[in-house]
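Note that chain A is present in both complexes that follow, paired respectively with chain B and with chain C.
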Partner chain A sequence: MDTTTYIKEQFEQLQSADSGSGLSAKRQDAFAAFSTMGIPTTRHEEWKYTRIGGFFNKSFEIGASKQIDIDAYRLPGHEVANELVFVNGQYAQDLSTIRSAELNVVALEDALTNEYAEIVNKHFNHSAQYLKDGINALNTAFVTKGAVFIAVKRGKIVSHPVYIYNITDGQVLALPRTLVHLGENAQIQIVETFANVGNAESLTNQVMEIVVERDAILDYVKIQNEHAQASQVSTTHIRQTGKSLANAVTISLNGAIVRNNTNVVMEDAYCEAHLYGLYYPKGNTLIDNHTVVDNAQPNCYSNELYKGMLDENGTGVFNGKIFVRQPAQKTNAFQSNKNVLLSDTASVNTKPQLEIFADDVKCSHGCTVGKLDEEGLFYLQSRGVPERTAKAMLLHGFAGDVIEKIKIGVIREYVDGLVSERLGYEA
Partner chain B sequence: MKTEIEKPARPIHDSEDYLEQAIQAEYKYGFVTDIEADEAPKGLNENIIRFISAKKNEPAWMLEWRLKAFAHWQKMKEPNWANIKYDPIDYQDIKYYSAPKQKIKPGSLDEIDPELRKTFEKLGISLDEQKRLTGVAVDAVVDSVSIGTTFKAQLGELGIIFCSISEAIQEHPELIKEYLSTVVPITDNYFSALNAAVFTDGSFVYIPKGVRCPMELSTYFRINAENTGQFERTLIIADEGSYVSYLEGCTAPMRDENQLHAAVVELVAMKDAEIKYSTVQNWYPGDKNGVGGIYNFVTKRGICKGDNSKISWTQVETGSSITWKYPSVILKGDNSVGEFYSVAVTNNYQQADTGTKMMHLGKNTKSRIVSKGISAGFSNNSYRGLVQVNKNASNARNFSQCDSLLLGDKCGAHTFPYIEVKNSSSMVEHEATTSKIGEDQLFYCNQRGMDTETAVALIINGFAKEVMNQLPMEFAVEAQKLLAISLEGSVG
Partner chain C sequence: MLKIDNLQAGIEGRKILKGISLDIKPGEVHAIMGPNGSGKSTLASVLAGRKDYEVLGGSVEFLGKDLLDLEPEERAGEGLFLGFQYPVEIPGLSTTNFIKTAVNEVRKYRGEEPLDAVKFLKLMKEKMALMNIDQSLLSRSLNEGFSGGEKKRNEIFQMAMLEPKLAILDETDSGLDIDAIRVVSNGVNKLRNKDNAVLLITHYQRLLDYIVPDFVHVLYKGRIVKSGPKELAYELEEKGYDFIKNEIDAAELADQVAEINK
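Right, the complex of A and B next:
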């Protein structure tokens, strides 16, 4: 049975089992959209360099929750963190720990019928307006009881960071879905990571939508270090509806195909956002970062820095879009993408893209692709540092620009450790 | 002692009426010459292609080539990826052939229809060989056909062939057969396939080995007749160690309808050769409500075939209601160099999607892209570029800069740079900025006694200078005037 038929069958099963809930209609629309748009091919402009279709020719299951041992995957600092675990795309309450009273975690389905209904209806699936491809629609078409709504109420500061684990077990298609709502003046720190049980091929097609209301502060870190058979499409859709601050750091180290859609939509004046990314593929890994910063109102500020180190047969893709709509006067939007090619078989495709409709703006982007600075190397070698170490030192410094933006100390050290180990760098 | 300071004619800061003036500036090449034309009926089918081919008295292989292109075109879909919007073009509602009626072939330039001659005088182009002072050899193309080429004999002495492409098909079929459609294959894209099927004329240049062309070669394109499309094809071959600088200019009458212009330009630079290709494109841009104007869909591509060769594109794009144009360079030879300098200006409802492609195949190849986009009114201006470094292109080097200037808050500036690198010893850099004319800059100029009008002109000229400097003298003056007409004072 081919995958499309399988998906259709699974969808029909899901709908017939649950036709009454509020999610059912949303799923139906999304499935219709999925059927029209299909799986994107490389003819789709947003998927020009990333072939995701191959995965859908293989047989896999849409993930069901399983019992796993979470200890093996825990991030440092978990003793003082809230932990939310998704297994094969389904929220596993028994594996999760909630330490902060400010953090409200409810099933998305329940949120549709309780005090949060208005918020959910207003913000759920806003990402579909920006991601017009079947992959995003596929996630929405299978939003189930396993999807989660996270709310932080007005003025609350979540005292512990929130660690979110997306774990796959077996040859599965996992479709985790989360909607986060940060009320006025609220604060949250989120660290999201991906892991696999065993070595089976898998695809995680994850969508997280985060609403940041007035004066709220979001800190978001994503760490992608799956094994070489695991692919993922990871969407982080940040909607800043009030004068607020959002920081997002994306660290992508390993996997088969890693695709990130990081969107920041600024719907109010005086929003601020910082996006940082580090991608360091090796083997045959492809890491694709698509970012969108959409400025709709005046006086917003955004800064974006993505750095790539491309080793072995690794491929890097970067597409950064900045939209400045006509009312968004006095926007400051900066974007920089820097790449170092470490081997002759590595490649990078980058497309920094500006679309500007307002005149009183300061927007710039810069992009470089090159090799390690020879003068720097020579200098270090002339001081007696062996070439290998010298290279590692330079690359560690290069990556450091991004790693240092992670605000949670233990996580920063953890990421630094992962990168240093790969580089063979000892501080 | 006279103490009274003379009052300026206009208050210094009042640029409003100046803005009005600039926006109202009429397209000064919008006249129509009343000449009888020999035309094909509207529509596009095999018979029309046979008709064109027969009119041109072409050999059978040329007709076959055209029909092949036409068959392919019919299978293709019009591209829609560009950042432009327009009503669908009815390809059956266009006349594909229109030639000013005159004696079959003028023996000398004196025999050219005086009306036509007047047209060119009005456009400021000398077809008169006597005016040697201008020192530019011109090939003039009206609607579909070339009406005359100057300085032919003198160039002939050096072995340089400069003539219309129809003439070249008759007289130098071996060169045409060897090079035509080698750089832009007939299957390349929708508009190049259409061009291959129906092209009616254009220029042909061949510079023999080791010859440095002593003067600028120039083609002047003019659309005159109504309901016609202009499809010209230019082929320039610079043999080993030669050099040529080529200029191209375009104008068209003002009409309410949209006319189609789909040209193909192919450049071939052999070992150690250099081609410099400059364009000042000033097709009718439509009126201030966006009615009428030329749809300019052009495929331009050069190949640096031999080692150490160089191709340089310079363009000043001020006209056309739609510009879709990406002059590219294939850097095949080792150490070859590609350059692209562009100023694209859009005003009112004009749309431009233009840029370049630099394909690095050879070792130590270098490319440089400088693109300056200026948008005013309700216009949209996009830069779309590709820098591709292939696996074997070691030590390739590219630098791209694309800056946009926005004059007014109803216009848009867009950048779509694609960068694809597969070689670790190469260096690619890209930077882009978008801004408006700074109030501090204006204030500084005002404070030094310059009125806003002059200040804006000064700043825009400075913004575009890097590109203007690349233009040959003859063109630089015209281009600067054009910039002035299209833009000055669009800042309110």
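Right, the complex of A and C next:
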């Protein structure tokens, strides 16, 4: 059976099994969009360097929940964290732990009919306005009971960080879906990670939409370090509906294809957002970061720093879009992308894209692609440090700019450890 | 300790050092002076093992070993130290961590046990007092945003931590005001003893008021054209490099004329 037929069949089964939940119509629309747009090829402007179609030529299962042992995948500090576990894209309540009373986690399906209905209807699938491709639509077409709505009510601060695990088991297409709503003046820290049971080829096509209301603060960290057969398209769509603060740090290390869509939509004046990224592909890993910062109202501030270290046959892609709409006067939007090529066969494609319709703004962008600083290397060697260690020290310093932005201490140390290990560096 | 014999070296196919010979013994301070472009920094770079320089002839023996055969880090392990003219800024690498790695790598090279955190801190405190250097400087990224004086002080502090046998100080005085020169020189003087040696590379005599050399050598067009006691530096300061240049250029010209006449 070819892929399109398989996906269609799975979709029809899903629809016929659904006795009129609120999700059914949303899925139907998304499936129509998916059928029209299809899996993006490299002819799609936003997928020029990233060929995701390969996975769909193989046989796979659209993820169903399985019983797994979560212990092996837990992040440090989990003893004092909320843990939400998704297995093959489905929320696994029995593996998850909610410690904070301020954290409300409900099935998205239920949220459509309870007190949250208005919020969900208003914000669910807002990302589709920015991601016009079949991949995003495919996730929405399969939104099921395993999709989650997370709410933090007005004025509440979630007392423990929220660790989210996206785990695949088997040759699967996993489609995790989450909508997070931070009420006015609420705060949350989210750390999201991806892992695999076994070594099967898999694709996680994940969408997380986060709504940040007035005076709320979002701290978001994503850690991507899967095995070399696992791919992912990970969308983090942040919608700042009121003057608020959003911080996002994306650490991408291992995997087959790692594609991130990180969007920040600023819909009110005086919003602030900081986006940081570190990507370090080795082997044949491809890491693609597409970011969008959309300034719709005046006086917003955004700062974006993405750094890449590309080794062996690793490939990097950075595409940073900044929109400044006509009313968004006094916008401050900054973007910087820095890359170090560590081998002759590594490569990176970097493209800033600024579309500015207001006339009183401060915007800047810059990108660099270079080799490791020879002068710095010699300096360290001349002090007795062997070349290998000296290289690792320089790169560790290069990466440090991004790693230090992670606010949770144990997670920062954990990431530092992962990067150091990949560098072969002992501090 | 260091025996340079007819050293010739260059960069990108251009010969800069055209036969340098120099003998440095333990306890001695040598100064190499010379006009811009005479090859002073090239000499320092070649001795420390900078990759883009090419050795074209001659030999350098350091404590009985063929120095030119060693990697830069091995030279440091053997006890050679280069104080950089322009210390490199390394973002994200804390000065303390860097020095700890350097000290322990050098110890490893010498077959000694690495210093644990306690011993390392003790050593660092001791040398900080000696160098009058502040803790806050050491917790910052290596040289990043340091003033010229801070960078040079940090160089000498590293030297104090590594305790080299031979320190080559490349234009350590350049860009420093008189107070900073005094601080840096004091540091160097405190580290001097009968077993180690210093090779000062400088454009100006001023530094030599503070670190008094046993020998002064004048480098010009890639050769040592004059050597003498410390008084030679005063002569250079007074007359400028022109008197040497004129002397050498005249001699060269005479040689060329003789060559043609032959």
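Annotations
As a convention for this text, the second predicted complex is superposed on the first by the 426 of 427 C-alpha atoms of A that agree within 3 Å, B and C clash if a C-alpha of one lies under 4 Å from a C-alpha of the other, contacts with A are read in each partner's own complex, and residues count from 1 in each chain.
Here is the rule we use: a contact is a pair of C-beta atoms (placed from the backbone, for glycine too) under 8 Å apart; a residue touches a chain by one contact, two chains touch by 3 or more.
What you see is a predicted model; the values in this text were computed from it and never measured.
When the shared chain is aligned, chain C comes close enough to touch A:Met393, but chain B does not. Applying the stated contact rule after C-alpha superposition, one finds that A:Gly376 touches chain C and leaves chain B untouched. Once the two complexes are laid over each other on the shared chain, residue contacts for A:Val385 go to chain C alone; chain B is not touched.
Once the two complexes are laid over each other on the shared chain, residue contacts for A:Leu341 go to chain B alone; chain C is not touched.
Once the two complexes are overlaid on the shared chain, A:Asp401 sits against chain C while remaining clear of chain B. Under the contact criterion defined above, no residue of chain A touches both chain B in one complex and chain C in the other.
The touching residues of chain C, when paired with chain A in their complex, are 48-52, 71-73, 75-77, 81-82, 84, 87-88, 90-93, 97-98, 101-103, 105-106, 109, 141, 158, 162.
Residue ranges on chain A touching chain C, taken from their complex, read 373-376, 378-387, 389-390, 393-394, 396-401, 427. Only residues 45, 326, 329, 339, 341-344, 346-371 of chain A touch chain B when the two sit together in their complex.
Across the interface of their complex, chain A is touched by residues 81, 389, 391, 404, 406-436 of chain B.
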